[in-house]
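Just dropping this structure here.
Labels A, B, C and D are assigned to the chains in the order they are written; within every chain, residues are numbered from 1.
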Amino acid sequence: MLRRRGTRNTGHEEQSELETTYYADAEGPNLTETLQSENETDEIYDATQTFGGPYSFFGRNCSYIAIAILCRVAAVLLFHNFLISQPEWTSPLVSIKNLRDGVILERESLTSAAGNLIRMLPSVIFFFNKVIDVSSFPLLIIFHIFFDIVTAYLLSKAAFKIQGDSTVAQIVAKCFLLNPLAIGSCACLNLTTFHNALLATVVYFFAQGSAMLSSFFLGLATVSQMFPVTLIASIWIQFSDWKQIIKSIIGFTAGVSLYLGINYVLSGNTWGFASNIYGFMVNYEDLKPNCGLFWYFYSQVFEHFRTFYEYVFLANSFLYVLPLTLALRSDPVLHLTLSLLLLVTLSPYPTLGDAAIYMALLPLQQRHFKSLRYSLLIACTITTCVCLMPIMWHMWVVSGSGNANFYFAVTLIYNVAQLYILLDLLMAYFRAEVTEVIPEEITEGTNFVLH
Amino acid sequence: MFWKILLLTLFGGILASNEESYVEELLISRLPSDHHLAQFRFIITSRSLELGPNYELFPRVLGQLLQAHGIQELEYIATQGVWHSDHYGPPPQPASSTGAFLSAKFDGPSNTVDDRWLSVVNSLNGAFCASLLSMVPAETYKQKNERKGDYPKAKKLFSRAGTLPREALCTENLTPWRKLLPCKQNGLISLLNPHKLYGSLFHSMGFHIHPECKDNSCWYRLELSAIVLFDVPISENRRLDWSLKSFFDRPISGVCNAATRSTVLVHQHEEQADSDKPADVITINGQQFAVYPTEQILGEKTEGNIFVRYTKSVDLHKKNPPRALSISSTLGGKDTFSGLLLTTIKNNENEKHTVVYEQVLPWWVRFHYHTKQVLCHDSKQEIVKPYVANRVFSGAIDRKRPAYIQMEIELPANSKCIVSYNFERAFLRMAEYPPDANHGLYIPAATITLMKRISTGLPEDSRCTERLGNSSECEPRAKQMVFSNVLLVPMPVPDFSMPFNVICLVGTAVSLCFGAVHPFSTRILVPINEKLPGQSIWRTIFRGILLVLMAGACYMEYNNISLNALRREIEKLLSFQF
Amino acid sequence: MRWCWLILAISTVEGILQTGLQLKIDEFFESPGHTNNWAVLVCTSRFWFNYRHVANVLSLYHSIKRLGIPDSNIIMMLAEDIPCNSRNPKPGTVFNAPGGVNLYGSDVEVDYRGNEVTVENFIRVLTGRHHESTSRSRRLLSDHQSNVLVYLTGHGGDSFLKFQDAQELTNVDLGYAIQTMFEDNRYHEMFVIVDTCRSESMYEYINSPRVLSTSSSLTHEESYSYDIDHEIGVFVIDRYTHFTLDFMNQNVKALNSSASLKDYLDSCPLAQCLSTVGVRRDTYPKDPAKVRVTDFFGSARILHYIQEDIVFDDAWLVEPVTYQL
Amino acid sequence: MTGSGRLPILEKILNKAPHIALIAYVGAIYWAFTIFRPEMCEHTRISEHALMGGVVNEKFDQEGVYAEVLHGLQNKKDKREFLLDRLTNYGVYAYEQRWKTTVGVLNASGVNVWGTTRGFRGPSAESILLIVNQNDAQATALLVALAGYFRSQLHWSRDIFFLLSDGGVLGVEAFLNAFHLTSSKSLAFDALQERGDYLLATLSFKTNVGQKSNEMELYLNQLNGALPNLDYVNTIVRISGLGRFRMPTVLYDLRDSNKGQDIPWWIIPARALFTQAFVSVEDLHSLSAKYGTSGVMLGLPLKTQSSVRKSAKLIEATVRSLNNMLERFHQSFFIYVLADEDNFVSIAFFMPILGGVIAPLLIFAYREWVYSIEALEIPSIIWVVHSIGILTWTASSHFFGDEQALVPGDETPWIILLGTLLIPLALFWKVPPTAISSLRFVLLLEAALAFGLVSLVNFGLALLTALPSVPLLILFTRPQNDRPRYRQGFRLMFSFLTHPLALYIFWNVYVSPMLMMEGLDAANLQLFDVVYPIKKIVSSNLLVGCNLFPLLTVVAIPIWNLLVSLSLPVDSIGSGS
């Protein structure tokens, strides 16, 4: 009896779990369609690689773009001040406040004496000083919304290219456009939107099959955030023949040197900004809480171990390139997604908005969703944590009724949940691999053991 | 009659400046707010700029300090209490805000300046029983707005200064300070009674050494000053009458023979009814002062004590005219993370004043430069932007130097100007919090330096009283500074009992990530259809051990046995020897 | 005229007897091997309500000063500024009994105070490793002929002593520091007094020779405060210190007093202390009954002729560091 | 690593879901009735040694001043002028502060009188605030007497501020805003003439309600369920219990002659939870929590000469021990439930109650997820109701926040607002039959999450709302495909009655009398008085920032809407099943 029910339900379970991750990521009024789309994808599941018809981004999701813009505008107007006062949404590297400081100091030409007030690239400050006036609110809003839509566009184009299936591409677009995390970080007017756009460009050219360009943009991303450098591995998996790799190396170096050069010139031929940004990241100077793993660690760790741990964790954030490359050499897209995830989890000053980009790419892994085991748990955990963060912050800092541990606990769990996505996907991927190799071995009760 | 003699001795003291000289004076005056202010000044001038090897009057400690570190100018002031300039008016000079203020100007090579500064702080720390070490380097800044001293030859000088708002001032500081004087028991010094000083409204104590030149002969001038502000009597009989006894509850004992001049000056107040007969009454900048030489005070009639009686008793309802110029700072905000620092400067005079505003913000105050605002409400309560010139700004560097802001503000007449910043607190490392972390940290007070002096009714500069008798105008050389109050910033604190837990938890999270990735890259996944093999015996054993340990832990927790007790038991068992 | 002779005779006899007695006493006590005395007095606890710890230290400070140890030989650490604390209704004073005498006259010299009372600085003082420009008054300049008295009070626990509510000095640290002193020849004999809760544990690891240690309570005991002053609104002294100081004031009036360390150690019986005084003798060769209290609590100018020459390795002795200008 | 198999324990839970849910719910209630018994719960202790309550000799002796000021207050015409004059006379710097409301819901204004005496020997960077109400003559007189007395003492390490609030809690709000340099949407006020720095704690007092000559009443509920530090409360209780005071503490003015001496033990904790949940502003102290400081209100016996002296000394002792403390309140508890003046229940014990109460939601949600969800499909109604909720909230707070919005006596805007809140939007929005189970699932989860989050800041509210609504949620989300029509109709009708406002009224009208406190009385509720609760909620939100209103519009009412839509007769939305 029980068993039968179980068997009957597994089918539902797959789809439902598949959809849940959507639910967790994109809380949008979108899932009626995704259901149908799901049914289609199930039919064409085996023929995934066959490309569908042409896919026009704006044509297919105009309504969602409209809703997205609406949400973002509303969010900025209602919640901007609240959100920028919340540590998990901003970081010194991206927050609008520090940007304003930078621009004002630039205008009063005090940048040289600023000490470590500025954590932004000279080019960024130049941009917001000359091109877009940082003090004009509407302009900023337009700027950020524009970049979000660009990101969504690039991502869904890439998705279409990869899966050759317009519905998946659509889902990807929706996952980004209607993702509360993306909306929130847009409402903060963080530079995160800009960074996401850069990474999205990388993904786009990655999918379009141009090693040179994607590496070039990766170069830019590396200069602005430093940690994305790990993504080069996925590019090399994707384009694994030597000519391409050399191309990509050329592109990467070109991007890095170009962007660094620009900043060097703009900062009056000094490398001062480097220590203020990369040094700042490497030896974790600012212990302001964020949604990352390490802020509380570095405020608590014993002084004589500090340097040791700094280097260990720095190494750790680059450590996964090799094993992941070995493990996922045959699935660059998954590799890319997971690298993006690790990027968010292990970087020193993450913001919630950073997560939006890999979450948007998750639907590309839909064929694995049937064998995800913690999807419900992860989805609920992430939602709960994101809701809990402001409350814990309030209890700690405003009302004083709680202490730092509360907030730390939430951020920790949030990150563990993210790591579980990685773990789950890897497991699912290898199960799928095994199933492809020896389908006859696999039955209901099969256990899988790492050997 | 008498003061002629006095004057002779005096001029002797001043003119023959290639002799070491020592002058002491006490100036007692009544402020517009009916508080009484007592200023002690002890001035020692050295023979020349080469001090030592044998010291007569000039204190050896300081002499050696100056020589050893190549210091041109040195100032140290420690203060208890706050000078509420909106009630008391501009403070007497030299003054400082609550805590300790130390500044030095070095000549010589620039590369050793920081070492020398550290060394100076260290030595003063020992010499004055102070605790100044935390000043270096995080609280040390380079003053851009120095008090002027005149120097023998134009040297390149390097200035270092620091303030410690938390620094306490107490008897143990007074004693070494007193030891700097030629007369440690006799003379005016005998009035300084700790119990009265530290019970007073405001008390500051310090010294200032700087070179002085007159027709190409130069010498060091050391001025030790102590300031005491006494509260108004609010008990039943509200008589303002005072005597040295009532202020210091002891009379002057003995005369200091080393002093070329030793006088008590009493500011003449219009309500003054009668007093001991002064030797002389002099006028400085239109203010009248009664002069009492110490010898006279020690005479049998007064026996070391002089008194003043007033016609009226204190009237607290009296609407005093608002003080000429006042400054005060406030901290705004509801939470312990972000905040607003707001400094209010009131100019109640009918002319506009240009002041130099200085603020030192420690590095853990991450203030947002773009929120810096200077606004004035003029006499008609309209908001105007004042004229702001020569901005100086140097941003903070974490754990290295504080932020330093300085600007020249032109205060409109009868205006109230507001300088404000928004800021966020930095989150410190656990070792960086003070022992009483939940108390919070202090921001040094903002200061304004007046470009044009305003009269406080006091001769701020002892040079004015040096030329006793000739009632000429006297323009003090020391700049006039007004201090606001220091601010307490409650900091957001971590849980100090957590380090091990946090390290373990974060370590676990990271290892979880590693544990997810690593096996997949080194092993392969195999499907197994038969029943899984039971777990190995070792794992069982391991778990057993864990279980035992946990049980033991619970047991110890239950009959609260400390780990050390356990250790002793074990050592006893093994008869373990260290 | 005869009378004078008689008086003279009597007086001389008297004198002889006296000296004889003196000699006897001197024989009774073992001869002190030291020439100078040093003391390190530490109050480790912050906050106004720990008034009593400061009072403890100051009381001891005064009685050893009375017996001739000069300020230059006393390193005093006070973690909180009690006398001039704005909560103090009697500014600039500290009392160790209601209506007692003020312990904070104008002759008090505090060497380390406030935030500078840290474990690090305490260890530095003992081991003599300072920043080069640290002034003499903050250094323990003892040598192989000094008797050193170390007195610690504050809040303690099993095998640690809390510094300022933030750091801990463990008994192991203390033991190592003293061992280092021994190896550097920084003391001749040492007397360690710990007046905290569970203070016996503090000298568990002091295994260096010629060190006598005592504590206000055994490892499983708390030690208690003695007196409360409702005018100031605080507890003013701890029991152990109170009774031992009583003993000092009653029986050790002058340097030549014949009170022995044993008397000192017995001066706070359980009935009064409410906690058992712990003593550790095994590292101390002499018999406390045969050692004068004043060997540690006083400073007699005892002269010894020394053959071997002493090498001073302290750089600052020459002059304060001068920089080439 | 095993394949996708469910843990056996989960299987069990799924099979026995209703029973387990019931057990959890009942168990939680039983647990509550166990731990709130005074004999069961922890005895309060003071973890902050620095307070040293009652160690000092109190020396207050200014009854003369008290009598004089009291007399003056009864006779003088211009009371404010008189108060200012007295305060200045005793050497306290005294000033006025004018304030007025700028919102439509209330048109009030007042003039606070406040003074300060500086702790002149310290850096004068911290403050303690004493508050009374100006129209409480005795308390005012006592405060003035205390101010004069404190001015003459020299052992203050903190500045002491004295606030004679005009217009009760709004006056306090104006003062605290000016003190913290913050601005308020609902109030316009003068800036303070003197600076005021970090506020350690506030202590308000008034003449006690239950006219006992020896009892001290203790009020401690603050805005949005915040509570003062338990050490602070304890210190006061301890001091008042000292031999020289012997003032028994009375919580929530219970144990009062005209309310019967002996009350059942559960009244006090129940009252604690209830006030925490629904009484947004208890008294003058209630707003301190907004500014991160602890505030307590004392009801003091100020009848006889001796009791006045005793009360004054009590306050002196309290302020002295606040003065003793070096750090801010950081140890001890901020989240607790007082079962009795010297017994409390800590969060570790009472959180399980809520856990048990919302467990059924989670269990059923999981059951839904496993058994009946074909494919998770979020019907757009969820987004619609929530966004409408946010709209209602922002729109109405803008409208009522506007000064000229309301004509006095005109109820229409209120009725419109009430209407919008009462409309079951579910009736107009189609839920595809396939999505019903997903909707159920999401609804249950959302409710659980909401209760959980609220419980962290306002446990009383979370518990008291969860208690009735959890069973309702379970009942009204049961699948009803095979039910006869009439039962479905009934269910629909009843589902209307589960409206949050209805629950609110239910608590305030019917339950509060059981807790011996005056709620709205049901007897003379006119038709238009239906708007009373919503009025109360909205204005308390606008004036002092009580968060009941946003919670109601953004969370509670949407949930209700979803509930209704779930209990719509199935074939009326044309499902083929």
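Everything that follows uses one rule, which is that a residue touches a chain if its C-beta (ideal position, glycine included) is under 8 Å from a C-beta of that chain, and two chains touch if they have at least 3 such contacts.
Listed by chain with UniProt protein names: A = Phosphatidylinositol glycan anchor biosynthesis class U protein; B = GPI transamidase component PIG-T; C = GPI-anchor transamidase; D = Glycosylphosphatidylinositol anchor attachment 1 protein.
Everything numeric in this text was worked out from a predicted model, so none of it was measured.
Simply put, of A-D and C-D, more C-beta pairs touch at A-D. The distance from the centre of chain A to the centre of chain D, each centre being the mean of the chain's C-alpha atoms, comes to 40 Å. One finds 56 Å separating the Cα centroids of chain C and chain D.
Centre-to-centre separation of chain B and chain C, using mean CA positions: 33 Å.
Annotation: 64 Å between the Cα-based centres of chain A and chain C. Across the assembly, chain A contributes residues 398, 400, 431, 445-450 that each touch 2 or more other chains. Residue positions of chain B touching 2 or more other chains, listed in rising order: 80, 166, 198-199, 334-336, 436-437, 493, 532. Under the contact definition stated at the top, the residues of chain D that touch 2 or more other chains are 2, 121-122, 154, 292, 326, 328, 330. Two chains count as a pair here when they touch; such pairs are A-B, A-D, B-C, B-D, C-D. By the touch criterion given at the top, residues 2, 5, 9-10, 12-13, 15-16, 19-20, 22-23, 27-29, 31-32, 35, 38, 78, 371, 373, 376, 380, 383-384, 387-388, 391-392, 394-395, 398-402, 427, 431, 445-450 of chain A touch chain D in their complex.
For chain D in complex with chain B, the touching residues are 2, 85, 88-91, 93, 118, 120-126, 151-152, 154, 180-182, 194-198, 290-292, 326-328, 330. Taken in their complex, chain C has these residues touching chain D: 46-49, 84-89, 91, 228, 230-234. Residues of chain A touching chain B in their complex: 85, 87, 97-98, 100-101, 103-105, 108, 110, 113-117, 285-289, 293-303, 306, 313, 316, 319-320, 322-324, 326-327, 342, 345-346, 396-398, 400, 403-405, 408, 412, 415-416, 419, 422-423, 426, 430-431, 433-434, 438, 441-443, 445-451. Residues of chain B that touch chain A in their complex: 334-338, 368-370, 391, 393-398, 401, 403, 424, 426-431, 492-495, 498-499, 502-503, 505-506, 509-510, 512-514, 516-529, 532.
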